[in-house]
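So that you can tell them apart, the chains are marked A, B, C, D, E and F in the order they are listed, and the count of residues begins at 1 in each.
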């Protein structure tokens, strides 16, 4: 099912474009302004993301766009993901911005999809470890890749972490959160099975196992089961999870794994834009 | 020598902060607002970048900061790169944004520095393959790492690429650029030695060898030397350069190598923030 | 006569929309994106305002709108004030923002109209007691209701109030204002008939009777008449005027009455949006 | 406990100030720029909200502020809630904006507090029926008044309303929401007890009784109890709740009541600013 | 008397600075960041304007400023209008922006002052013929020069011009304006004495003689006097007025002359910034 | 050849429009909203600039535009440069902003063109002496007039001026610039022939003769020739150049002359907008 996306704000689109073009394209001025056709091709296989965004960018510059794909499509090397028709100079002005959106978003979607494939049904989630100013698109790419974008902002959900506990104490932090936000779910971070049991008894909704090994998590899940606390609590593993160990973490019995690498260190999927037809008459 | 940086614009700083915090920090509300001390530690070795930015962020929230390091410092695992004093809730509200700046910028600076170390004096340069909305900081991180940030925008310098040539023709594109911008340097992209000779004779200032192998570039450099054209032209290699082959490209005789991976696929350097002292009096 | 309104700025429209939607509509994602028809109905009688604004909002999301009404129309419970056709998800994303514009602006227009009806021809005016960030629309609603929006900003007209007089003295304040702004009209606030006579002799253009009872104002108007000063001066009553006493104030002989309640405490007129047709084929 | 608030963004503060002042204060120019003292007094009893905001406003104009109160304080007529020292003209320029913040926010906080007092422990919550562009402050005023601000944006929580059901069907809408957002709580709106039972069995987390009478709600709560579904579901009443009937709704057995009137039709609490000392030397 | 000015908005200040500096000052990077002293000197005589603005700019970059002058001061060639202390690089980064503010604003203030001197007491006013985005400062410079800034925006005052008359007809336009804005003054443009008599009888408040010669205006003023209409109407001359003919227009008997050249074609007053002391230790 | 221009940002366009219109056009409200035709005519001869900008402005307000000219066209008094069709009130609302763009940009383009005509092939360049917030359009007008816009920002090119030399010393400044920006051209300002020889030997790319007389420049050029340094260096004259002495400077042998007057003191070309047809049906 296609995700609902409020279209990119025009003020954002114009800000992004200005960041790349500056005051004017002094190289583009060296070519005549004539109708041309251009194609964006995938230079690598992967999963497509950013297509809606780049359509908005090209359309904002009065260019026509056409595609056989949608966000989320699996693509292989050489696939033409978008054909663009219109002013030569407008295409050149938008080229790099469009490729940057595609490369970064498809990179995140593709890595997410790979993780989802091997996670055995355990939800793959993102974190707030994103690039300042670009979170909205990085989170969307995770969703396109089949993952859960998780908290967009600190307003979205309560997550009590080690620093909250250091300041307020574990019980006090949970109690305060419940009192101030009686209708919000509470998630809390623990790093050992004993604390997991403790917070489960205090009535939190989700436990995040932070920087624990698969073995430690597995043990903690078992302890929760023994204490008959497992069923009414969601469990999340976080910290140090990557393509190499994701299967191990998946087998620990958690409901969700969150991976910072999805947004902070996923490599690009490369695309390139080529002028394929020039209307010289 | 420290780079001049116009301080982060307050409107940008507030926009970044709002992206992460949203309307309010509902987890932070679960802890009392009291004076605390926090430390940001490196979880990995690398080269520090983003320090000036995170100082601005914390200071904007009326927190005091202190550091033994500067941007560009080599850091090892465990180094405390910043100590922060002030309101518990303000520190929690700024934590993730600060770590995102540090992680991404230090990641880029560190990869750049590694490339510089093995480039044998050939300049390492960035590209415009950056994250939309964050280029300014990604380019700065390259400079901190010892690289050349290269064009910030299309207004900065003329670079005639394959698409320009497809539209206007090679000679025409150069001629137009010279006519419209008589005082600007002209760089042009070629993918074979024959074109390199041709454009050198047409008087361009820089030649970019695009997606050519080290052998092909080496051959082209030799041809330029034979034709007595090498000395008055700058040469740049671009396309497919990475840590694995950078030495080979460096030996081809070019003056500069530009690497998209510096900004589009460099992994983070991880940092974490820990509350280390709580003033409960 | 229809009021000229420069269309809502796109940057404002997008800011308002983002305030309500956030990063994405996670409830809207639970329904398919299909063509639907929706109707906005009045849940109460009143006078319509905000119609132009909500048309702009729906059209910005590529929805088609149709209405039998215009701003200022009298509406009764059940009237369909707008029909909207287009994407189900876009309608859901804009619903609340549109209803908030309609409810607040129609509330103000309706209260203004009621005041105008019983004011016996004395002008009903607004004040600057508006909601920060929404004044433009609140003032427009007053105009739609048949009132005078009065000063939009401190730049619009000179109004010397008690605080100015406390700082500069009454005569000095008037003298300064005349000297600096020789072509501007001067309005001054007084709270007794003696001062009214005094300032009238000093040549002000408008006198505002501030927080005086209808009797006191009536007495002051008579004194001005006796002193042959009434004819060349505009008189305004302000402070404590509401639906209950508006007739009394209207009979005092003033030209205008300004009411803070129009914008700061007018109740909403409620509207609701219903999906009336779903195109499932 | 004091709520965490990220300080008002400077760009917002400046935008609000410009909305009221325009290009310059032509009345303020009629008084000398000298040091003065001003006091803001409550003209009515109520609960204070907006104090932090107006401190930010005055401080932004380099004025000194002092208060014996905090947001949430009960105030009576005549209480001096803030004393301001500094430039006469700066105080005059900020006066109206400050009073508008105080009046509106205290109005909402006071009405909320009154509702909380008589709700017998049932949570009082806000809605998204707010003034465009001012929601952040209206929601904060609810929290200060002891209420729950509820969803800030459509991204915060899933709420399936009648329009969603008309488009997707009731079961399908719930199913979709669960599939796309497996970790989010789901709230759904019903208008009869039969549907309440149905959705409870489908596993939603919260049921909102929409526009039902206290009797109907009471009956539905009983039915849920009989079906042994009450304990694991939160119940919310919404629609037509006001000071007059709040006790009846509170007795129906719901956990929460949401009231549009808190933000869309609460009357102001009036405050005024008086210059109390002028330093003429 | 010093004019009240709300301080330059930080978001504007940062926008202006970025327009001049771009992403970074690559020339400034060639000098060490050390404490220096700089002086801004007048290269020509004139009247100073823009001083408050440039103080804000330098202070925003944490520089200390000191001046013996105020806006409106008469200055002669060589006068040091500002001394600045602080970081060498920050001074270089702000230099051009500061000089641009001073040069343009002082140019307008100086031309205005010259006009005021020879106008024999007739008010000298500006127009809306300003540079897009810079009106606020150009209008302020007129005021500093002793002129009347006149309408800032179309919201400020009613001025019925030839185009309004062509669309609505003369009488209808006046009638409509009176009806919609009963409390606003009405100014109307005429180009002959007959129309002047006509509109005076229709009760307008101000007549603007548009593009009429001094003789024609003089004749029209006499006709108004004969018809006993002069005393209650303000008269303004506009169109083609400059330093060469200002005396002739002043003698026609009008109250005010408005000059487009003040803002659209006034030459700069040149200033320069020199580093005068470098702290090398 | 037409210059590439990224279309005016909508957020800028709306900001400019709001600066002129304010909250609403209270004069425009006095005319009916009906279809009209308007023409913009040149009141003086000159070279047209700003046409693309004003088309964007009128089109943003849903007006139709038609022109027989393009930016750069030579125009004579009376030429109709644009015909506009559509809503009477929208035309009135945009009139002044459009004329301000045309007047200022055409003024700059016309003065530039006059300079180009008599410069004998020596490049005419602009400076950064522009109006804050409007540089983009002033620089574009120079290009339209046939000049070189020169540096848009401090990021564009290295220019070492007297202040840099005072801080760092001449040799040190050049050395630092080369080290930090090995691939950038370096321009340096000198005020005598001896320094010109010195910096030429240090390998700078361009020398700017600052505030030197034509004779002094001529002498310096000869000295450079004698030292065999002329051929590989670009030479620029700057300071005090105007229409009266431009020929003398052109004959000194420099490659380029930069003139602050182009942007800081060029007089407007006047245009006016007239309603020519009113559709009263």
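Of note:
The rule is simple: contacts are C-beta pairs under 8 Å (C-beta built on N, C-alpha and C of every residue); 3 or more make two chains touch, one makes a residue touch a chain.
Computed from a prediction, not measured in an experiment: that's the story for all the values here.
Using the contact threshold fixed earlier, the set of chains in contact with both chain D and chain E is B, C.
Chain pair with the larger contact count among B-D and A-B is A-B, by C-beta pairs in contact.
Using the mean of the Cα atoms as each chain's centre, the chain most removed from chain C is B. Within the list B-E, D-E or B-F, C-E finds its counterpart interface, over half of the contact pairs alike by residue number, in B-F.
Among the other chains, D has the CA centre that is most remote from the centre of chain F. Taking each chain's centre as the mean of its C-alpha atoms, chain E lies 22 Å from chain F. Averaging Cα coordinates per chain places chain B and chain C 52 Å apart. The distance from the centre of chain A to the centre of chain F, each centre being the mean of the chain's C-alpha atoms, comes to 44 Å. Contacts with at least two other chains are made by residues 1, 3, 10-11, 21-25, 28-29, 32, 93, 136, 152, 155-156, 176, 180-181 of chain B.
Listed by label, the pairs of touching chains are A-B, A-C, A-D, A-F, B-D, B-E, B-F, C-D, C-E, C-F, D-E, E-F. The part of chain E that touches chain F in the complex is made up of residues 12, 15-16, 19-32, 34, 36, 38, 88, 92-93, 95-97, 99-101, 103-104, 107, 128-137, 152-164, 166-168, 173-174, 176-177, 180-181, 184, 260-261, 264-265, 267-268, 273-275, 278.
Those residues of chain D whose C-beta lies close enough to touch chain B in the complex are 1-7, 9-11, 136, 139-140, 152-153.
Contacts from chain D toward chain E in the complex involve residues 10-11, 14, 17-18, 21-25, 28-29, 32-33, 61, 89, 93. Note for the complex: chain E touches chain C at residues 1, 3, 123, 125, 148, 150, 152, 155-156, 176, 180-183, 185, 206, 234, 255-256.
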